[in-house]
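When the chains are written out, they are named A, B, C and D in that same order, and each has its own residue count from 1.
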């Protein structure tokens, strides 16, 4: 196991130790046993002469480090599963099983992850093995893939006894676009950047930045501090915009029309500022490896300060109203509780972890760029219910606002330098990892180059990968009519999961 | 006029039956205190200044303002907002409160006493039983307290129901009431505060990891 | 089988014909019929005559249905079995008539027992199934406990008055404590009527009996319990107190019955609990009438009696329709479990149509006979609310609230029975292969429904025709504006039905040229829709059972998913509906009694000397007690 | 007759006003006042898509439901002008006609075999059942107060502020009837017609598979139901001495205020948790019982 201390990192493939499967898995178990400060970043399989080389990336929040280990899994040779001892491994193992046909002997939940027709096993969608309540006395409710609201496709299967949900199972995969494959095949930086921006439409900045960082370490480029500062502003602005929009959506789902209208209206100045900054309301086209395409000049900084001042006044007023209105709070309170233990077990990340007292935050644990100097304090709530998730959102909006102001002040005292030119060939035989705390949680990009310095594998982990399971747990033993607000309170990405 | 106050008082009892947030319960207690003063003010024909000030202090100051304020402070300090540990569902709790009111009415109606004023009697008996019911079915110590206070309000009303000719009885009841209220207050400040503060410390410990 | 029962049917028809003529005469002329057979006098006043007509109609409907129902019987029966069944049927019919024309307690007791035994034999028809056997034995045991009540009453009355004719009962009640004679009798009648808390035999027995028998028992036989309560209530000069007791029992029965009907997933049990509810409503209305008599409020009394009479008629007809539909469904699918049914409207349209119409009627919705029979009950309730005494007024509130709650619950119960059982898609294979039985099985159903419809549109006419009965019950004439109100309701119902027809025609005209596309039910675009995606009988009742949990007894066997269990294995979910009283009161009681008896068995050592010792101790005790002048 | 006309006219614009109030409070202009009417007309012209699972029940239900509501309309008077079909105790018929409409719609919902519609049907059945006691106790109390038992007679003597009617009773009665109207019409805080999420709705989810003419009929019925309760509320304010034109103005005024109240309620509060609804509806019965006690006191059957 190799341990490295700073993210983003680039490590030569042959520096990552290759051990036997048993040893590697024991090592992972050992690593994770330490506790909640450690979780799995990613599990990547690369083709090998007689099977696959599985590289596991593990993260430790306390020591701010990342550890890697790898092993060779031979084709047609079942290996023991890590899932029974560490539930958070389930999604990675299912991914490997589905993509490459790696067999796990005792995986309790070996089901398709993202393919409507499972690409390796060629099972049809009708065969999806849903968990069932037998006996013919309970009923099932299937919601989706076409939903009542304008949202992305996904199928939710509830096992109900009347109004109560006994179990929810989520079947995704309607949105699979093979983004990873496209990123591997792309030959120009421009195409790569554009692809990275469209991994998940609501996390444009997060994914673009993670991708830019991965490319930057692969080409050994350093960004100048102004660029890093501007990226922080963009990321926090994106966070604010989505959180405010989600607070509006939550209001709509509890039928509080005032909240839904005015939170919706409050989101507009935020995304309009992106329009002013880079010509796109979602910040597309702003971040490129090594540079930002649009500077945040004095004029725009002024506009931003003005916008924030106005926003803050209205937002505080409305948020106070929301969190003191009994009918709204009564709806949020105690709804969709995911306990601290559950969150830790499934390895939830980002705000889905922080709402239940698990302070998992890349900005603090593995800071990158300007965050290293910012001494970040995470927003943590303890309720684990919808109210806690709404409260995390509200407080993060406030925190982001403060952070943007600080960074804006620092920016006005800095002078720029020329942006480096990024070459289109990369360090050969290298694995690069970058992680960004986007609004939903950690976005992890892993890029692997071959001996020609071309990308041979590009793996993306959106926070939704872990967090969808938290939604399933939240709905257990709740009323089925509370599902929409539970879903909205997590607001997870379908396309980020399906890739 | 009296009818309106009595009915409003019974309405507050219904509201207690369905409330699940502690802050609402506390607010209702305050409203009840003020309603009690209004009722007493209207009901007692001949009140001298001493009695009136007595009643004023007891109802508006203590029941209406002081106790709710103390309770609210306790709640805020300990961050408890919601009564979660019920032994009956809210539906059943409301049903029971309604049945209590109807039964009190029947009871009041079946007692033939010239001195007894049925409206007051119904309201007071309902309040006593609702208070007891709250104490029986809720788990939190603070809700028990609220239950006792509702019971107290009922006893106050009971003294009005029979007390038009007996200001002495009223005063005695009020004195007793004051005493218990003060005792409760002391208890609230000392005991409950203490217990919850330790809980708080425990919570803080958990925050660290 | 078919032939034997056809003979029974013909005999039943003959009995019906022979007894109906005097009954109609009594109703038309208003003169009581009486006859001496041997030393016993039989009397039929207008109320008895009305009951005779109800019994005859119910029995004939059941007999007609039974002929065809038994013809399709899949199990081979021996000749003895068939003859026994046919004879019991005729015996039940005759015994029921005997009950209502008895004029002394002895003959009442004989007929009462004959009725119990013959119906017991009818229930035993499916004796090869353990459930049917258990239910039948429980039934006959409970009925015997009830009959003991009549014997006790005979004991009291005959020892005091030297005879047991009804007039002597009246004199006895007037000169002694009324409750001494009324209470044991009331136990017998309440047991038969299925009044809470003595109803527990009813659902099991109805479910176990063949469908024509359950229809007869539910539609007619249990009404005789109400008949007894009315008859002896009137004999003892009913007071407001007695009325209040009946009212409260009626309310408890009605609400308990209908809430438990919602919980059932066995179609016939659901119907049986609905019968419990309807008996509750009838008894409640009887109580209301007694109260009205006590406070001398003729309008309320007449309204309450009209409610009783119309409801007896309506319930007899509609329950026949419903139980016979249930019989057809059982026949076609071989299951009564609603969780196994669904989609029957496509495979058994004829049966389901009747089930639908019956469901409308039993839920007392406008356009049906149920509405007109509950309407006078509402009148009496609201009118009682307006009485000057506060306590009486509150009784009115209780009855009105009960009526509307029962109506609301009935909607849930019967949308469940129809919606889950007959609509939607099939939950198992059974409904897919089912088909309507021969049309002759539906003939008595349509007959019954036709009668119900007639009541629905012309309630005033019925009340006028039955004015003699009402006069016999209340000794008062019907107020004119009550008749007008009922007439208006009848016309309104007819208008409602006609307007539905007109609007339907208009709709057909308007949509004639419009394109109609067919597609699957909206399932959010998911390809794999199946029957699991449908509410089941259990889950449809879940919310109601949850808020009504104190009066129901549904046990759930299901292992909860542990919060730490991320990947649960498949598990199953089962519920079992039991009767609260049977399960929580009677069964523990029976077990307790058994335990006591076991303990006593220790004494039974088999040793002759110890028996002598017991006898000696007994004698000593008796002597001591006598000396102490205790005995 | 006037009553029927008023109901039909109110039904035209009622939903429009509710929606307009909501949009204005939400900072938008919103759809036109008669958008609802346009929708219905459009639906009447359309063809239909019918589920293969469904049967005649599904097709017949909207018609029966519509006729039931229509018949209920004929029971409501307009001030002193009698209703089209008045009779003693028509209060009972009124409640039962609404129940009939509910019954057939529940069956139609179950006929589709869809889990969503089953959900709606289940909820509708329970809430409809729970709301009835409140209705009967309130109207029973009013019957005690006035000594009359049909809507026509009741409203010919009963007005807010008229002799013997205490303000408190009127306020409580109007509150209960308003809430009953909201529940029967499936509005906040019981149901939310706006979110369009299958899992949280009641009425809207029951009609998920209806289309074309039938859906139009359902929409007409639901706006008529609203107008029905609107006129019921208006009747409390129609004093017999006023001329007809003034009465009409009052009636429409009350309905407009009612619609705006509905709009305002739907803007300023959130929907109840589903499990809380039974208890919320039960409150109405409890309040109705209080009305009953007050009436007893008022009519001097009870000395305070």
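FYI, a residue touches a chain if its C-beta (ideal position, glycine included) is under 8 Å from a C-beta of that chain, and two chains touch if they have at least 3 such contacts.
A quick note: this is a predicted structure, and the numbers were derived from the prediction, not measured.
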item: Each chain counted as touching subunit B and subunit D at once; value: A, C
item: Per-chain Cα centre nearest the global Cα centre, belonging to chain; value: D
item: Chain pair with the greatest number of C-beta contact pairs; value: C-D
item: Whole-Å separation of chain centres (CA-atom averages), subunit A against subunit D; value: 47
item: Geometric centre distance via CA averages, subunit C-subunit A, whole Å; value: 63
item: Geometric centre distance via CA averages, subunit B-subunit A, whole Å; value: 51
item: Touching two or more other chains - residues of subunit C; value: 390, 523-524, 533-535, 540, 543, 546-547
item: Residues of subunit D engaged with two or more neighbouring chains; value: 115-116, 118-119, 122, 198, 276, 278, 285, 289, 302
item: Per-residue multi-chain contacts in subunit A, two or more chains; value: 139-143, 160, 162-163, 330
item: Sites on subunit D touched by subunit C in the complex; value: 44-57, 60, 63-64, 66-68, 70-71, 85, 87-89, 91-93, 95-97, 99-100, 102-103, 106-107, 109-116, 118-119, 121-123, 125-126, 128-130, 132-133, 135-137, 140-141, 143-144, 147, 149, 198, 208-209, 212-214, 217, 278, 285, 289, 292, 296, 301-302
item: Subunit D-facing residues of subunit C, complex; value: 342-343, 345-346, 349, 356, 360, 363-367, 371, 375, 378-379, 382-383, 385-386, 388-390, 393, 396-397, 400-401, 404-405, 407-409, 411-412, 414-415, 418-420, 423-425, 481, 484-485, 488-489, 492, 495-496, 499-500, 503-504, 507, 510-511, 514-524, 531, 533-535, 540, 543-544, 547
item: List of subunit A residues in touch with subunit B within their complex; value: 36, 326, 329-330, 333-334, 357, 380, 382
item: In the complex with subunit B, residue positions of subunit C that touch it; value: 390-391, 394, 546-547, 549-550
item: Complex contacts: residues of subunit D adjacent to subunit A; value: 22, 25-28, 115-116, 118-119, 122, 188-189, 192, 194-200, 266-276
